[in-house]
Amino acid sequence: MKYLAALPAFIYPLVSLSAIVGIWFAAVRLFVIPDYLLPPPWQVFDLLVNGFVDGALWPHIGATLVETLGGYVVGSALGIGLGVLLAESKMFERFLLPLLTGLQAVPKVALGPIILVWCGYGVASKIVLVVLVCFFPLFINTINGLRRADEDLLDACRAFSASRAFLFLHVKLPSAASEIFGGLQIGISLALIGAVVGEFLSSQRGLGYLVSSASVNMSGATMVEGVLLLAVIGMCGAQMVRTLHRHVVFWESRETRTESRRRRGKMMVWEG
Amino acid sequence: MTAANGRAVGGPVLEPVPVAFTAENVSVCYQTRKGAIEALRDINLDIMQGEFVAVLGPSGCGKSTLMKIAAGLIIPTSGRATLAGKPLDRPGRDVGVAFQKPNLLPWKSVFDNVMLPALTLGLPRAPAERRAMELLALVGLSAFSANYPAELSGGMQQRVGIARMLLHDPQLLLMDEPFAALDAMTRETLALELQRIWLGQRKSVLFITHSIQEAVFLADRVIVMSSRPGRVIDDVPITLARPRNTDTLSSAPFGDACRYLRGHFQ
Amino acid sequence: VTVGLSVYPSVADGGIWAVGDELGLWEKENLEVKVLTFQGAGVLVPQVASGNVTIGLPSPETILAAFAAGQTNLPIRFFYNVIPVNTMEFAVLADSQIHEVADLKNKKIGVGALTWGNIPSTRAVLKEAGLKAADYSIVPVGVLSSGFHALTAGEVDALNYNSGWHDILELSGTPLRRIKLPGVIGAMSANAFIAHAEALEKNPDLFIRFGRAFTAAEVACAANVRFCVEAFWRQHPEARPKEGDLPQAVQNAVEVVRRRLDRITLFPDGSPREPGAFDLLAIRRYVRQMALDGEFVSDNVPVDQLFTNRLVADFAKFDSGEIRTQARLAQ
Amino acid sequence: MKYLAALPAFIYPLVSLSAIVGIWFAAVRLFVIPDYLLPPPWQVFDLLVNGFVDGALWPHIGATLVETLGGYVVGSALGIGLGVLLAESKMFERFLLPLLTGLQAVPKVALGPIILVWCGYGVASKIVLVVLVCFFPLFINTINGLRRADEDLLDACRAFSASRAFLFLHVKLPSAASEIFGGLQIGISLALIGAVVGEFLSSQRGLGYLVSSASVNMSGATMVEGVLLLAVIGMCGAQMVRTLHRHVVFWESRETRTESRRRRGKMMVWEG
Amino acid sequence: MTAANGRAVGGPVLEPVPVAFTAENVSVCYQTRKGAIEALRDINLDIMQGEFVAVLGPSGCGKSTLMKIAAGLIIPTSGRATLAGKPLDRPGRDVGVAFQKPNLLPWKSVFDNVMLPALTLGLPRAPAERRAMELLALVGLSAFSANYPAELSGGMQQRVGIARMLLHDPQLLLMDEPFAALDAMTRETLALELQRIWLGQRKSVLFITHSIQEAVFLADRVIVMSSRPGRVIDDVPITLARPRNTDTLSSAPFGDACRYLRGHFQ
């Protein structure tokens, strides 16, 4: 336990990643799975190395990153913003919430043609898609989080004539922070998916383009390559959000610590 | 009962002393899933400008509810409450509140928690900061100004709440068992400090406590409430000379007042 | 100009665009060509209709169906017949008992997705072969790999892809038997270039130049198929086979392209087709047949308006010999 | 205010829905939007009425509902279940969390063909897709919620020798309940989208099939019809989750109420 | 100091009385973002079986920390704590705790909150329910058994915490300022009840309080702690006769003990 705990955090996912590659390796070897269903790992590895060395992968990665990040930022901002409006105003909630929920249930792919006509087939339309998919988790978690602010704390501030803006900024927002970060984490995966779906609809570049054109060209290895890259981008993004979460919402992980030992560490014996 | 205290019961009023807070036939019913709870019934109460009123009453009789009405946080189910003559439809700006629970913001340091009224009321920053440091010294927490509430003991948190209440130098102080979690010495020190502040600036105070001695020691008048639903069952003027000190505690009138009040609780 | 495809380019059909780039055929016509892929005709056609995309390459069935259903306000025209044959066909394993369409009774037919535009035609063909709707089932099996898997694993009895895809499967080592679509429907042509009706009216020259360059690229491709394949892979490195028997893979790709080019540039008897020309009669017959079979709401389609052979004469006005020489020299 | 507040809740979305239909009507009339982009409302209305009267719509609605609900239930259960495991065990978290995050960033559509191969072309493959998309919001919100349980409450129970199971069931789970419900609300939209995307990939029935076959046939009215039905299903689902949320997590909406007036109601004058 | 109380200071030990809780050189340092806070330094303390020990000390001196060590919730930074002779590595099953904050589960009714130890310890349901109702009657909350904690006043919540502590009839009671939020009368009633329970069943008690009178009235021994870092600075045996009652309060030895202890806080 103690030694394990001392390892840097990035070791663990690597271990489980290796396990998966191992299973994959074994599966390809043992069951003679045809290439076009599941290519062997070394093929994909070769492909990745070559792609990075000759630079052919960078434009795809870049395009997907730009779309994802652009849409993520805008979509999250919109989700949080509208969440704030709706949580603060009963009227907004009554009129808008059901509509937004309905809109969210509409598959973005069905809206594709309209989005393409309105936003063109360039980066803009993909960003719009990403915005649409990231929006909802942020929106719901923001409303939900803001609503959970402790009434007693709010009252304490109200007693000092706190304005609505003050209550919002200094009480509700910090109370909701953790839940908003949860939304940001969900959003990052959805943003990537949104970008890829956008690239499926129309594109010349991007990992989504790579994957779907590989599927038409029956290049299983390229498909897996694209999928892997997407997974890695998603993991990095999620890890960044998690780290930020821990630092920003420092007051919620207040496990009491005494100097020499951490309480929870010891307790495990008993809890486990 | 002295003219200085602004009470004008029975005698002719020479000079109308303004009221800080009044409650007229105030009743409060809470709605719960298990039916309504009648917390206060027909409360009538005036606090004059500069008057120190203590409230005694059994647990659950509605003292905190009364204080929340004065703080503008609860609207009575029936009856009327006013603050400095105006109907109480929002929290007053010149009011300081110390709650029964500390109610500190967990994401703000002790210092920032004390600074809260400066932010909400838009006071100039520099003098407020100076005053916050003074108040933290007053309650013995200078060393903890950068710590977070979760790193404090219960009594320390309560003291932060007291410092916060005083930051904007409010005219009316509402204190809900402010010294309950404090040891005897800190309690005495803070009681004397409170008296000093009150004497110096003639604030109005609504002071809820469970300690009969504390009530008698500090107050001009002690209100006694019945158990739920809370009604005012006695209103005892305390005419001990000011400033009161440790000698007061052993004086005969002090003992008499305490004994009289204790009669309500036996 | 922006060209919108409705299917991702594969080595079979994508080489033409790459060859056009590499030999400077677009430049020669003073064109700048950007190729995009859209997910199906449903996404692509509105792009052309709204002017976002200059030229589209959908298959005509769905557009005809839309017109037959009274959707007569789509402002688009077909101006170049890219695939003048019906490339859709059935394929079964070589050792299968299925020899003709009628044998598909009580069988499972795999298609890419049930939304594919060719399915009404397939149903019509089956109907003409005497099969009622209850006599067969059409199951979606996805594109290429997953469909091939379904066929070889016996999950479906036949595939209904285009012949190019069947070529790929065949060349990957699975012997197949093809069953061509018979009759009027088999004679219908496939993907063709569309453009906005007004643009075509106002600026026919643009489309003539485009058609000419495209034809030239096709000629170049046919003249040096190997180059055509390599050019495609240069442009789409992700599509280049990287594993297994590489020379064999190249050979296969060349074969796939050659078969396809033969199919679309030559008549079955081997004589050359006129590039881009529509057989309006065949289209009219197709529409009537589809309406008869109940797949189209009516046969009320303004075929003569919708398809135009007006520019066709100009598409071949270039020196094909020079292009061939240029292509043969290219690497 | 007072009169408005007395109206039943379902009125508000209807009002805003009518507003949207109004705008749609006006847009079609004023700007002569082509049918294939946005058909006029009366066409869609006709289609809907006919579809319900002759019963042609029911099988589609039924299929989509079955897939959505099936996948939603399984996916949410999995998300909550794995969330619990990861929140309770540091080891699980270290090894699994990054992988799950990565998996989540893989577009489900790219996995589509593989899922088809593994799960067949029937309902199963759609349910698998729905499971995959619902999983993540539940998973993240569950972990996040469980982690936020008040340490003091946990300690109070520990002092009475509460077992780990007790702490989980009686303290952590109730603390997380609100956040889990947030996840359920996000999940319901995603489930619908998952079902529809699954139907895009392969199916003979369902609203997704309706929409995509309409898109191929360029039948704008049918497309809008499908999209509308999806939106309505999504709204109903979300409303149900919301109602459940309010009833289950009753202790978090403890706005103090006095008998005759609600505090917040009055306060609005001052806060607004 | 009587043999019955199990204290054996100075005299020969006739019969070894088992210890309920011991702390040997216990120190606790809390880690915060602003550096370490030394809460307890070298605490040595034994509580014998059946002994009632009260702890007095200034706010923030580490009393609650000490109690959490006895409850098995904090492991000391250095030193050793034992419960009934065994090292304290987990909360004891025969221990009842009343915290400084009420710490009730907001999603459980008052009754269910009181029933909590029955659930965690797996006690038979029916007798536990009967006892829960008895204890609610004892603390005067029978009428509120179906209400939720948020619907109670501060003092009522504290009383629920006391009832919860007693449900499983534990041998060692750990009470952190249990009567702080209560009015004088309730406080006296509960103090007398506590004494009755203690006399009847000879429980061991660690009782943290700020009231010197309460400490003297209830305890066999009063521990006095210094301000932070908390050390034991006095250990005063109280030899007043049992049962003690209101007359005890006016007796001379009671007054003497109080006066002596007050000396530590001035």
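First chain written, first letter: the chains are A, B, C, D and E, and each begins at residue 1.
Please note the rule applied: a contact is a pair of C-beta atoms (placed from the backbone, for glycine too) under 8 Å apart; a residue touches a chain by one contact, two chains touch by 3 or more.
The shown structure was predicted, so the numbers you read here are calculated from the model rather than taken from an experiment.
Visitor: Fewest touch steps from subunit C to subunit E?
Guide: Contact-graph shortest path, subunit C to subunit E, evaluates to 2.
Visitor: Please identify which chain has its centre, taken as the mean of its CA atoms, farthest from the centre of subunit B.
Guide: C
Visitor: Where the centres are mean C-alpha positions, what is the separation of subunit A from subunit E, in Å?
Guide: Chain centroid spacing, subunit A to subunit E, equals 49 Å.
Visitor: Need the CA-centroid distance for the pair subunit B / subunit E, whole Å please.
Guide: From the centre of subunit B to the centre of subunit E is 29 Å.
Visitor: Mind checking the centre-to-centre distance between subunit C and subunit D? Centres are C-alpha means, answer in whole Å.
Guide: 40
Visitor: Return the residues of subunit A touching two or more other chains; collapse runs of consecutive numbers into ranges.
Guide: Residue numbers touching two or more other chains: 37, 113, 117, 158, 200, 212, 215, 250, 254, 256, 267.
Visitor: What parts of subunit B, by residue number, touch at least two of the other chains?
Guide: Where subunit B meets two or more other chains at a single residue, that happens at 30, 33, 73, 90, 101, 148.
Visitor: Give the residues of subunit C that touch two or more other chains, as numbers and ranges in rising order.
Guide: 42-43, 46, 50, 143, 145, 149
Visitor: For the complex, give me every residue of subunit C touching subunit D.
Guide: 40-43, 45-46, 49-50, 62-63, 65-66, 69, 71, 73-75, 113-117, 138-143, 145-146, 149-150, 155
Visitor: Would you pull the subunit B residues touching subunit E in the complex into a rising list?
Guide: 30, 32-34, 37, 56-60, 62-64, 100-101, 140, 146-148, 151-156, 158-159, 177, 180-187, 210-212, 262, 265-266
Visitor: What residues of subunit A sit close enough to touch subunit B in their complex?
Guide: Touching subunit B: residues 152-153, 155-163, 166, 170-171, 174, 250-251, 254 of subunit A.
Visitor: Applying the document's contact rule, which stretches of subunit D touch subunit C when the two form their complex?
Guide: Touch list, subunit D to subunit C: 34-37, 112-114, 116-117, 120-121, 200-204, 209, 212-213, 215-219.
Visitor: Within the complex, which stretch of subunit E touches subunit D?
Guide: Listed in rising order, the residues are 68, 71-73, 90-93, 95-97, 99, 101, 103, 105-108, 116-117, 119-121, 148, 150, 164, 168, 174.
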